Amino acid sequence: MLSAFWIVLKRDLLLALRRRNEVFTVLFFFIVVISLFPLGVGVEEKILTKIAPGIVWIAALLASTLALDRLFSSDFEDGTLEQLLLTPHSLSVMVFAKIVAHWLLTGLPLVLIAPLVGLLYQIPVDSIAVMMLVLLLGTPVLSMIGAIGAALTLGLRGGGVLLSFLVLPLYIPVLVYGAGAISASMAQGVSIQPYLLLLSAFMILSLIFAPWATAAALKISIE
Amino acid sequence: MLSAFWIVLKRDLLLALRRRNEVFTVLFFFIVVISLFPLGVGVEEKILTKIAPGIVWIAALLASTLALDRLFSSDFEDGTLEQLLLTPHSLSVMVFAKIVAHWLLTGLPLVLIAPLVGLLYQIPVDSIAVMMLVLLLGTPVLSMIGAIGAALTLGLRGGGVLLSFLVLPLYIPVLVYGAGAISASMAQGVSIQPYLLLLSAFMILSLIFAPWATAAALKISIE
Amino acid sequence: MTLQVNNLQCIRGDRELFSGLSFALQQKQLLMLEGANGSGKTTLLRTLCGLYLQEQGDILWDGVSIRKLDDQYRQELLYLGHYNAIKMDLTALENLRINTLLGGYNPGDNALMQALDAIGLFGFEDYPTRQLSQGQKRRVALARLLVSKQKLWILDEPFVALDVAAVELLQNIIAAHVDAGGMAILTTHQEVPLTTGAVKRLRLGEKQGVLADA
Amino acid sequence: MTLQVNNLQCIRGDRELFSGLSFALQQKQLLMLEGANGSGKTTLLRTLCGLYLQEQGDILWDGVSIRKLDDQYRQELLYLGHYNAIKMDLTALENLRINTLLGGYNPGDNALMQALDAIGLFGFEDYPTRQLSQGQKRRVALARLLVSKQKLWILDEPFVALDVAAVELLQNIIAAHVDAGGMAILTTHQEVPLTTGAVKRLRLGEKQGVLADA
Amino acid sequence: MKINWFKYAAPMNFYSLAGKLIPFFWIAAIAFTLLGLYWGFFKTADVLNDQKQYYRIIYVHVASAWMAMWLYAVMVFWAALGLIFNTRLSYMMASATAITGANMTLIALITGAIWGKTSWGTWWDWDPKLTTFLILLFIYMGYLALQSAIDDTRRSDKASALLALVGLAIVPVIYFAVNCPDPNECASLHQESSLKRVEANILIGMLVTTLGFWMYSFAVILMRVRNIILDRERKTSWVSKLKEINQ
Amino acid sequence: MSEFFSMGGFGVYIWSAMAVAFVLILLETISLIIQRKSIIRDIKRVKRLEQRRQKEQTSR
């Protein structure tokens, strides 16, 4: 069981390292989105700092959907996915491994690059720490909800856009509380604990349900 | 020559329209992306109006890249691309048809939906007109630059890095001037003519070079 | 060990592919599935794997429905479809390693290298499979057979893209597996003489039915 | 019309696949390319199409280099590779229509429907090809041959996935094309008796060289 | 009396049952809607002075808004039933409900926007209620888009049902998030019921119209289910024996 | 009467809201009726084809 998890995780990471693309595409996309706003909005410091939390999270949502499309479809097209379904392991476990790999490749880099955003948008140091923390809590949820959508739209035409269309509305709670936490940390005397609790709850719930739902969706899609 | 253009264009549109809903999906996708921002950024009207230009361009960028990935690769994987290379027509013409199809499916809907964005973000009517104009000038450039990148990185190991390295920096001028023009039109007494001239120059340049460069890149990639 | 199929019916879209299909397969038996293009061979094989859900009928492994057995059944099963199920970015060895590991056992890299050599990929073990020829890619997929411990092999046109020598080699591999107490189901449009073991033939399409056992 | 190959050498990665390869093909001739998996058949065919660039040597069509002729040469050429080059979302008819239109002529829908029927896809013309079986997909690709006006056919393992009846049908189609003054180059691992016309054989790999003409 | 429910789970039987029910629902729909609107327009003169006349939008607005939300629950119910018992009819009901739900959401949004123009002077505002509704529309559309993107009915039924269930898990969270973006301020989230502020006469008109819309939803959903059944079962013998096919 | 329709100046809005609601409802209903007709027509066509084919087969 655990071994299946490791094999799939290692495989996906190895593949990504061979291709080296996804990590960089996602990072670049994130940076472009982030740097576009100061250029478009003008550099009024107050406004920038104010919209920073929202922008960071929107950029994270969009970056996460960008790589989602290929999460299962490349395996589907070359027949690897049906082989996964035929191994004597629990599909949810292997799906979970794939989700973790996706997060390591698209979510984690965003967490790590967050200080750069702080620099660009003149966010106070404390808030940058909060930003990294909520990204750490929130991006896995994005990967997990996204995986369900990716499994449902597997092999369909117009996959990428359809997928984002399905998934983005479901991301809203993470977006609202993720951005809210950062804003709260910049305001005086507002506790960010409720935000963190809510985000953690989302994460735990999605940890429990998402791999299972994704596995079910995959089984439906592969017929 | 012209006939090859029409055949390929029709083919690509047919493929996309096979499901009539796909066009609507693209439209709805824009609306979704656009309505995410107020949730993350907060709903202060002034700020929203201010960041609207950036948001519109981000949505354009995203839609363009989401579909770019499959521009040539789906044809490459099923062998259709090598058949295109073997037809007795100029490859640049056919490539141009593919780019036009890509734009019709991802760029044009955005231009058409722009007034709705104006409504949601309370942008003045004059600026909405400017927005539509710059989108009309700028989104084709996105498609054309993107096509070069997509062709260069076709089926390459680590292709994605190249793609993002190559394409995103080239996108930035379009985004900056595109968003700048809209912002300028909302400010008092700023001429938007220079912006429009620059964008038109980008478009003409890319019209001249992009199909040719893309065709050359494809020939290299397909060996 | 037996694979028993009772009164199976499969529908694709609005076409009934076959119905009332029944047969049993014992150890040391090989089932050759025949039928024209589009007669439903692939669909039947995928149904036997549990990848496709039949409309009616049961598939029993040792008397228990394969849906119930679930991963216990899959433990005994090796399926190779039209697709090679290999990753173009990984080398032949890496592909084989991952596939066997996921199959549930670890024969070690030496055994894997030997399998690759035996199937005719000597010198190509460390190439990304993207750089192999069509037949060589198929061989990478087939190398799994040499290190497999599964009892039931389900092979969908395994001979496709292989050259004459490789076809013969693969015949021997399958024959050896069946002789050693395994079971195999395979489809092919090529005339392949499979001599040893009990060969059953099943025909799909117009004249559906179990043909004489060889 | 002649296809003339002089002293051809192809290299893939760091391996020389073949060198000093020379042959000529006239009208009413058929060239069977033989060789083990990975011996370079596909590479040679793609080089002849101009998709792959040789290291050394010339390929001449009526005495002029194919690089120079460019689209004039491609006008005469029909290539069918390992991939079917059909779009899964389009129907069989739409695929065939687009492929022939791009080939440069328009036989009209009636002719196309007849071609599809002749190749054994009657009743499947309006299915998205995604819903066809492997062999049926191959047939959609092959239907092009029936409406083609090109002189030189280059076919890479055209018999793969076809059932026995279809293999015979395809043999007849190729023979008829050659008899009518066309030329064809093909590879296959299956033993396919091609009787009419002048059959040349070329072997790649260890014992490279032009074999006796049949 | 014992009713054999499973008898009506067979598409064949349900088809004829629905055919009999539809006229009644249509009559009820028209009657209730007209009654509600009549009441609302002619019995409320004393409550609404000239500046408040725009309140009359409320009848269609609230009726459609309520149906939009209610139909989502109905859709999820059928989808879940389908996944659990694997009955074809449940899937058909779910997909038949979705379109009407989306339509109701659209009506609520548009009439709401018109109301906004009269009452707040702007077509759109990022107010929680409005935003929730926009998102509800997205979710309906997502369901429909997924369904129409899959050709194979077996897969499209199951996949969209699963999506509806996932939506069921997330939609309440979205609702909560949109209505209460700052969890510090809504430790106890209690929505003040806007109904309390509505005059009794208007309330009557509103409720009766809503009842009318409800009956309408029944009617069109049943009509659509009949279409879906006909479409999917066209090859069966009972369809070819139907009166409407043979005349 | 015109006072009733003007609704204190809000007539345009009120009536257009009503119109939107009923147009959308009507569209839904009409599309359902059309859909039903076309399905039935389709089934009938296929049935006719089938019958003719059977007749041809038996006459042969």
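Think of it as A, B, C, D, E and F in the order they're written, each chain with its own count starting at 1.
Methods note: a contact is a pair of C-beta atoms (placed from the backbone, for glycine too) under 8 Å apart; a residue touches a chain by one contact, two chains touch by 3 or more.
None of these values were measured; they are calculated from a predicted model.
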{"item": "Least hop count linking chain A to chain F through chains in contact", "value": "2"}
{"item": "Two chains joined by the most C-beta pairs in contact, as defined above", "value": "A-B"}
{"item": "Relative orientation of copies chain A and chain B, as a Cα rotation angle in degrees, nearest 5", "value": "175"}
{"item": "Same or different contact residues where chain D meets its copy chain C, judged by the half mark", "value": "same"}
{"item": "Maximum centroid distance from chain B, chain identifier (CA atoms)", "value": "C"}
{"item": "Distance between the centres, which are taken as Cα means, of chain E and chain D, whole angstrom", "value": "58"}
{"item": "Centroid distance [mean C-alpha coordinates] between chain F and chain D, Å", "value": "52"}
{"item": "Euclidean distance of C-alpha centroids - chain C vs chain E, Å", "value": "49"}
{"item": "Cα-centroid distance, chain B relative to chain D, in whole angstrom", "value": "38"}
{"item": "Residues of chain D touching at least two other chains", "value": "82, 89, 128, 131"}
{"item": "Contacts with two or more other chains, residues of chain E listed in rising order", "value": "135, 138, 141, 145, 149, 152, 178, 181"}
{"item": "Numbers and ranges of chain F residues touching at least 2 other chains", "value": "none"}
{"item": "Residue ranges of chain A touching chain E (in the complex, touch as defined)", "value": "145, 148, 152-153, 156-158, 162, 165-166, 168-170, 172-173, 176-177, 180, 184, 190-191, 194-195, 198, 202, 209, 213, 216-217, 220-221, 223"}
{"item": "Residue numbers on chain F that touch chain E, as the complex places them", "value": "7-10, 13-14, 16-18, 20-21, 24-25, 28-29, 32-33, 35-36, 39-40, 42-44, 46-47"}
{"item": "Residues on chain B engaged by chain E in the complex (per definition of touch)", "value": "19, 21-22, 24-25, 28, 31-32, 35, 38-39, 43, 48, 119-120, 122"}
{"item": "Chain A-touching residues of chain E, taken from the complex the two chains share", "value": "135, 138-139, 141-142, 145-146, 149-150, 152, 154-155, 158-159, 162-163, 165-167, 169-170, 173-174, 176-178, 181-184"}
{"item": "Chain E residues touching chain B - in the complex, by the definition given at the top", "value": "122-126, 131, 134-135, 138, 141, 144-145, 148-149, 178, 181"}
